[in-house]
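Two complexes follow with chain A in common, the first pairing it with chain B and the second with chain C.
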Partner chain A sequence: MEITGEFIAFFILSVLAICGAVFMIFFTNVVHMGVSMAFTFLSIAGIYFLLNADFLAVIQIMVYTGAISILMLFGIMMTRHKETEEKLNRPIHYWLSIAGAGVLLVSLVLLSRGATFVSDSVDTKGYGIAKIGELFFGTYMIPFELASILLLVALIGSIIMAKKEGQE
Partner chain B sequence: MDVFFYLGPIILMLLLLGFVTYAILFERKVIGWIQNRPGPNQVGPWGLFQTIADVLKLLLKEDVVPGKADRSLFKLAPIIAFVPAFAILAVIPFTETWQFGDFAVGLLYYIAISSITIIGILTGAWASNNKYSLLGGMRSAAQMISYEIPLVLSVVGIVMTTGSLDLNDIVLAQKKVWFIVPQFLAFLIFLIASLAELNRTPFDLPEAESELVAGYHVEYTGFRFAFFMLAEYVYVFAMASLTTCLFLGGWLPLFGLTMIPGILWFLLKFSLVVFSLFWIRATMPRLRVDQLMQFAWKVLLPLSLLNIFLTAIFKEIPVLSSFY
Partner chain C sequence: MLIASYLALAAILFVIGLIGVLTKRNAVIVLFSLELMLNAANINFVTFSKMGLVPNLNGQVFALFNVVVAAAEAAVGLAILFAIYRNRETIDAEKLNLLKG
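So, the complex of A and B:
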């Protein structure tokens, strides 16, 4: 395998993403968990950049790293300020989750062996933001609008619920 | 080309440090003149070495980590806050050729990356284990998230006119008339929201001295504090560059004076924006906390939506559509 800048970048980003995810599970402090999760989200955005999916990468940073991580950190800091998680001692859960992860791994490997990939290198230049816009507001107009309405309903619903709790 | 590829960022970093050093001096001088006093004038001729002396003092200070602080996050936070500030400069087109990355989604990249700094501020505020810093961090995060929405929506009008998110295309679309003229409402919203994003007066609630001591960086000393301040001033640089590109025509000359090189035009407009930031700081009082959020959600957000609506209508009117 030829070692290029792209390969090095992919290596660093994937190691960061995996480390963030592993640390997220093993940290006991909730704020540390939130920050390591933000690192995972950011590294995944970097991998999208490498794949020439600029728009997706930027949206990933905006929504996941920027909005969701901050929202979670905010929530944690506002509520359980100093709490750390106790390590649970449940051997059955431990073995069950190992078995579940094993099944997932085997099925993913089998699936990816059966799948047909287009080729080693695909020209992704033609799939820019203009194309995405055309698809969203042309072919997939109605699903897109429905999804927006769903989000709007959720937003207004949460405001109403928060208001009710405030009045009591 | 290759040499520039590797050396370019380093040169930019050095230029940036120079800019920050003299921007701080310039700010203190301008505020001094507006308040009818000389400003710093003791260190070096005309106070030219004042900031250098200040930075030296900061670097020589004892590096204090509070005993009850979360040590690892306390040390990580200034880095998380600073790195995005430098990373966003990659997409700013200084001239036609002086640009580090030509992205199709440059504008969105700027906005997305700059939101990472909030994580740095929040973690720093929390890790200090101090109630003033936590309050300051909370305010800062709430304010930056709220004002990001009118900031983004105000540039939608420009994106609709240009049909591109690439900052190069946006600058080139201003050959006939700068966007400050047809998009004046958007410019006002953008200016106000960017002041709030930069945490500058009149929106400097996160570090309101009279209420919160110094906000999220109360417990920080020495070079860690310097990193937070550096991030703040690099954002001034970046935001002024972005304003220049979006509304003032970037490197494009005025009155067809093409014999003046593009970089000088850029610097001229850029300095004007930086000066107006300092000018606003010296003239405006600080907003109250309860007014701050109401202003973002009840005034700026509807106005920016109105701007998008107006742009869409003007695009259809025959005479005006050449400007939109």
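So, the complex of A and C:
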């Protein structure tokens, strides 16, 4: 494989993403875990840029590295009772989970290497935001409206659930 | 750039998220790992939207819907965790065993 700019960018971004996720697993301070996950989400936005998904990359930065990371940090700070996270008390459960996840990883990678779903010509000329808007307000009109209703329901539901009980 | 590299990256992130969901004790971190798994699925959608057998924009649109659902899930999940914390004074996943027989 020849070394191209895309390869170098992909290498750096994927190493950053995987490092952030692995640090999330191994950190003990809960706030550090949240910050390393924010780095992972930012690197995934870079991966989207590599895949010609500019709009999705910007959305990823706004929603994930912006909103969800801050939301989770608030959640950690408002529910924290101790600084550090302890390991599970059940060693069998712990090692079985890791072994199962490892088997899943190996089978997924082997499957994706064995299958052939590569197209010959990649035409990304029409991958702009205008085309996405046309799709949203044309083919995907009903799901788009349903998504807005879903967001409204989630907003109202989370307010009601987070409200103190017995408070009218 | 090979399609298999993107798929392998998504698989690795998905598996790390799965390990986080299965082994972490803080319920907020479990929710966060769930977001990582959804993100790995999104990487697959976008990869196939560029390099799949029939490359078109539908993959990106689907990933955007996925982001919407993930954001709603995070908000509702965190609200449930706040309610649990108010009642039980803990969000340790090992101590939430009210439904255990």
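In this section, the second predicted complex is superposed on the first by the 140 of 168 C-alpha atoms of A that agree within 3 Å, B and C clash if a C-alpha of one lies under 4 Å from a C-alpha of the other, contacts with A are read in each partner's own complex, and residues count from 1 in each chain.
Keep this in mind: a contact is a pair of C-beta atoms (placed from the backbone, for glycine too) under 8 Å apart; a residue touches a chain by one contact, two chains touch by 3 or more.
Predicted model only: the values in this text are computed from it and were never measured.
Partners chain B and chain C fit side by side in the overlay (superposition on chain A). With both structures placed on the common chain, the touch criterion links A:40 to chain C but leaves chain B unconnected.
In the superposed model, A:143 makes contact with chain C only, not with chain B. Taking chain B and chain C in turn and counting the residues of chain A each one touches, the greater count comes from C. In the superposition on chain A, A:12 makes contact with neither chain B nor chain C. Shared-chain residue A:65: touches chain B; no touch with chain C. Shared-chain residue A:32: touches chain B; no touch with chain C. Contacts of A:55 after superposition on the shared chain: both chain B and chain C are touched. Legend: residue contacts after superposition of the two complexes on their common chain; A:129 is shown touching chain B, with no touch to chain C. With both structures placed on the common chain, the touch criterion links A:79 to chain C but leaves chain B unconnected.
In the superposition on chain A, contact of A:99 is made with neither chain B nor chain C. After the two structures are overlaid on chain A, the closest C-alpha atoms of chain B and chain C sit 15 Å apart.
The residues of chain A shared by its contacts with chain B and with chain C are 55, 59, 67, 78.
Against chain C, the residues of chain A that register as touching in their complex are 1, 4, 6-7, 10, 14, 17-18, 21-22, 24-25, 30, 33-34, 37, 40-41, 44, 47-48, 50-53, 55-56, 59-60, 63-64, 67-68, 71-72, 75-76, 78-79, 81, 85-89, 93-94, 97-98, 100-102, 104-105, 108-109, 112-113, 117-119, 122-124, 126-127, 131-132, 135-136, 140, 143, 147, 150-151, 153-155, 157-159, 161-162, 164-165. Of all residues in chain A, only 29, 31-32, 35, 38, 42, 54-55, 58-59, 61-62, 65-67, 69-70, 73-74, 77-78, 128-129 touch chain B in the complex they form. The residues of chain B lying in touch with chain A in their complex are 70, 72-73, 76, 103-105, 108-109, 111-113, 115-116, 118-119, 122-123, 126-127, 134, 137-138, 141-142, 145, 165. Within the complex, the chain C residues that touch chain A are 1-9, 11-20, 22-26, 28-29, 31-33, 35-36, 39, 42-43, 46-55, 57-58, 60-61, 63-65, 67-76, 78-83, 85-86, 89-91, 94.
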